[in-house]
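In the two complexes below, chain A is the common chain; its partner is chain B in one and chain C in the other.
Here is the complex of A and B:
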């Protein structure tokens, strides 16, 4: 057996005989197992619930009786975002952004501009998921199990004795790292089981799951190296523990907590109220479709009459009110899109700033990569909002088109006075059936990988930093004897 | 008859080759004009010692005389400012790992893994040196060191200083290396264990091991050492051979005189 493996085997033997190490590891494994099973069950349950609600919402929309198309525009429609399979591993911002939105004519969907997006939603903390256990508790257990691995040898004198046996510092470090790496691998086991389950049973993408496993392995490996380095470079085990707890608190709790706040302060996002007021101001400036003297809509009317070669809206072959609704929807949607793009640009900048803190915190680096690979990052939410908005616009314009083509201008004008006209403007409900159902298109694997690149690159940076620390520690061990 | 003569000739030739090799091989421990400064203090100042195969050299000196520093330098833990150290022909500064393969070291305070038994400690440390002694081999060494049978399976957390010392002695015996460094080896031992230990040293000496021990124990040194060097202010100020018949009282007097200088 090589010296490295001998040292690792001895270290495992010592850990098996250490009550604290055994208890800490057992607790983590138990938490990890609980997190794995509850997350998988929760995700399956939520997904089934969402699918049921979506089917119910579709049925209710399709089952509406004969109505005026504009009534249907305001009847609205619910859409639900299905959770990606890997959300069971890392739900990311999902729990904070929500996955249900109400779509209605002339209004931006209910999720956009919400104050919940103020914090960039990167500060999520405390959900018992496999990701949380490994990101936050995993390093803590490695600290408690490994802080004394070399420092105690120095304190007790065995380090000097080991050196006197002709043991090279690098063999000692490699053996200790192998031992603690084995513990990290044990911690990773429930997560690997969870990822395997999601791939086999829930059809999660294999390469995404593999990359997730590699990301978490790199993260834990960094902590293994940090623990060994601190244990090698400090005078005693107590100091090693204090330094490592400080490092854990700083990089795993404090920096990830304050990074989004700093990002928000650096690039503030207007509140929902401010955005609503700004949109109303802009709408007032653009024009009011109900005001016959409004310059924009007066020009629209003139241009429409010219296009059809008539002089009065009554003579148009289509219902002018429907055309007006289409134009109004186009204008308001364009305005909503403009504000939405601005918001997403600011959020992207906030996200970049927050991810930049990944140079100070490997936990931020991992979270960024983990959420991107799981499809539960803010980009996933943005994708859902964009698709939902495109869907909203399409169905509203389809209903407006029905108003223009299936309802006459005269009936539309008399529907409140003439019961026959009121009956005729209620068009056949088969039209609601023709409206296609909302189908969410999740990010492709390529897109997820691209989104994960900054986080993965930062993780590699931390891995290199860990290796450099170990090299330094190896030199220090020799010098300290 | 012819066969017997051929055998005898062959044995003589082997012996001659062996003796030649022994004479031409470097001395197990050779320190020449060693100088080592720590901070503003010169700890070793022109120290020279040579310990031959099968010789026990005792280094005596007061606190701060440089005894333990000498051992640390031999083990390559400290880099001298000048001078030469060779352990089995290897420079412990330039080739620390190779030099340490030649040395078994018995520290004053023996450090063992408290959660392991004596057997487990021995097996682990020896495995790191590339040796895998069987249980009977370990028992033989532990018997020679004087550790009771019933204690050997117990975790060493409950061991006394003397018992730990015995485990370390057994390890040193089992390592079977040309050089043995001892730092106050009998400080935790009772008189009987000390006598056993001295007997054990003689066994190792007979095996050809070069033994360098640092100690305060003048009587113990006089009992087992071939030469005693008095270390004061970083160098050997006097050297005696107990075999030359110096009585203990005179030796004590001479030691006090030399080291006080």
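Here is the complex of A and C:
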């Protein structure tokens, strides 16, 4: 054990003298610091801004004057997606998805004003966040620092002396890995600080933060093992560097870009425009509210009359127009749900295809686990869309119910002819207060963990792969010595 | 002379790294061009595919609206399709077309609540960026170039041949030049040939293709110069490779990331949300405002309807369209401010491109391919023009109270085929 530590200590001394290694490490630490501070500030700002907008929208809704309830259905409501605390570590898809939706009757609008659509193409170069620094730049720095550790000894012939002194290949490898592992731990430090800060100050879930730290540690550990293995199995230091750079470019830059292309080609997604037309088409088929002789709405009318035991809609104790609005909204909402389900299923299948490439790229595995644990994966956005739609349906139906119960059928029919009726259909604005505000329920820890399972499993696969490589390297060195 | 070149070629190809590097470049370039062409074909297919669906949708609306002939219903229920065809160079740089809609329907109601609609796309797949030719050029080609050039001089020095070469060669300058041209030139060729084939398939003009090829060559020159600069420090091959890879990391990943942080921090664009919230307030307040005042304000901008702006009763489509129009107008300043913010972000990116060659290359290629933020804004401008035409189309029916019949649906303005400065049209028209 002491030999291992001795080798590690010696390696650290050498690393301190290596200009490129020192520069790379310093740059990474500086970037980590910058990314940590800007990410925390950006998250806090964005979240506060969204909360402010949400409060403004709630206030404006509650403050509407006396109105016909159907006016309020069209006035609608805005909801904003809050940013989870751990988004300051890994913002995931937050910038790629709209964070506000306008909710109104009859229609389902898209989530708009995502950051990336409002950014120039610089966004394509990657956003500098603590997660990005460790996922993409971290392995590269480990390569720069460690590619020569064993190859150099081989080139200079010192490997033989070590053997002559009775050093086992295992101790050598372990020592070198310990030295590079120390560097990896140093690189992880700013991230740990950032996670700790988020847990303490922003009340991020502790176990989520811990698992994030473990995931990143496993990822860097894989790279430590890969670097040591490559350094011991290649002819010289330069080959080790070129192979490792190739491996990094392939797994961290290339495969993550190719995987989405393949996933998209395998299962394409229909455009909003087509879905919109398809929904309108289905609506006309189910029941055309514009057609007075439409069978669906005729049946609905007959059934309603029967339920209340009357023969004319005028004799109903409630406003038939309100009932009709509720029935219409029920049909459209069911279609929205149906098409959303299809869309989410396709997206999940695309996601699975892309995550499958985690077998070719540890970066994909880590990103998947990291976003899931941070609550910034596509599931988080889907959750927002679903909750927004449920809220939309609830408030629209509440307003339709008000139309049915607080507005008379006669007044509703005469509101454009008779100023008195027009005054009466505008119901008391206290009702707007009674409509509950939107509260977003973020993914529970349990849900986050479950979503992180594929990524975490893939990371363990890579850990095993790294260990196997290291074993092979150790055996080869043992034989060569 | 030719013999010398042939000799150098044989020497180069005998290197362990040469053939794999060239083949990898060729394979990556081919794959990216193929992926880009497939994506552009998919986008064109979507645009083709929506036409009959849109026609059917319009016909279904016409079927019930025309019976009563109420233009208000026609204007309210009819959505009009717009689309933004990919240019003939889009295959090489797909840009923002994966996250911004390239097909969008609008109706003659306030535009500000329609124009910022998003497309359905899988955000997790959009996150890493697309695999297109511009990506291969900006990120991967320099890495391969470094692999081929980092030991140009140092390898000879390390093998102890440098002095000998200096003595034997008629001109050492010509010798090194031959070697550089050969190594970088073959790599450039492996990168450019698939692109040129793709450009021909996509119907890009020869001039455009040549400009992009020129940009790629200039980008190569920049990296060659960097390699030579590092070589002047007379380090070992190993140190050369490490230094160059560090520089690559700094200027392709780190500095653009910092630039994005700075630009987005310096120019906030929350006006988008603000104007959307404000526009809704403005539109819906219209229901409660005195009708006469609303009509007066509308007529100030539309004097042609001065004599037709009166009506009786609690509701009339004239009034409805008047206050909806005023809702849009109320946020005109904010729309402008939002737009200015987006343009400022784009302008600063272009400035960053002057300092950072990878950013510069991306900026220029995406501009030529019409797939950048500016192209997205240009599409929105065309939608604005189209929307104004839609209002102008419906207003005479609304204000003259003319019935709207089946044949009138066919008279509505149609989304024009792209012509505004779109270099793609030449090829589209040929088809």
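Just so it is clear, the second predicted complex is superposed on the first by the 463 of 481 C-alpha atoms of A that agree within 3 Å, B and C clash if a C-alpha of one lies under 4 Å from a C-alpha of the other, contacts with A are read in each partner's own complex, and residues count from 1 in each chain.
Keep in mind that, in the parts below, a residue touches a chain if its C-beta (ideal position, glycine included) is under 8 Å from a C-beta of that chain, and two chains touch if they have at least 3 such contacts.
Just so you know, these numbers come straight off a predicted model, no measurement behind them.
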Specify the outcome, clash or fit, for chain B and chain C once both structures are aligned onto chain A. fit
In the superposed arrangement, which partner chain does A:98 touch: chain B (first), chain C (second), both, or neither? second
A:31 contacts which: chain B (first), chain C (second), both, neither? second
I'd like to know which partner A:180 touches here: chain B for first, chain C for second, both or neither. neither
Of the two partners chain B and chain C, which one touches more residues belonging to chain A? C
Once chain A of both complexes is superposed, is A:195 in touch with chain B (first), chain C (second), both, or neither? neither
With chain A overlaid, the minimum CA to CA distance between chain B and chain C in angstrom is 14
Both chain B and chain C touch chain A; at which residues? none
Okay, in this complex, where on chain A does chain B touch? 1, 3, 6-7, 10, 13-14, 17-18, 156-158, 160-168, 481
Where on chain B is chain A touching in the complex? 75, 77, 96-101, 103, 105, 107, 109-116, 120, 124-125, 127-129
Seen from chain A, its contact residues with chain C in the complex are 20, 23-24, 27, 31, 34, 38, 42, 49, 53, 56-57, 60, 64-65, 67, 71, 74-76, 78, 92-93, 96-98, 100, 102, 109-128, 132, 136-137, 140, 144, 147-148, 237-238, 241-242, 245, 249, 253-254, 256-261, 263-265, 268-277, 280-281, 284, 288, 290-291, 343, 347, 350-351, 354, 367, 371, 377-378, 381, 415-417, 419, 422
Residues of chain C that touch chain A when the two form their complex: 17, 28, 31, 35, 38-39, 42, 46, 49-50, 53-54, 56-57, 60, 64, 79, 81, 95-96, 99-101, 103-105, 113, 116-131, 135, 139-140, 143, 147, 151, 237-239, 241-243, 245-246, 249-250, 252-254, 256-261, 263-265, 269-270, 272-273, 276-277, 280-281, 284, 287-288, 313-315, 342, 345-346, 348-349, 352, 358-359, 362-363, 366, 372-373, 376
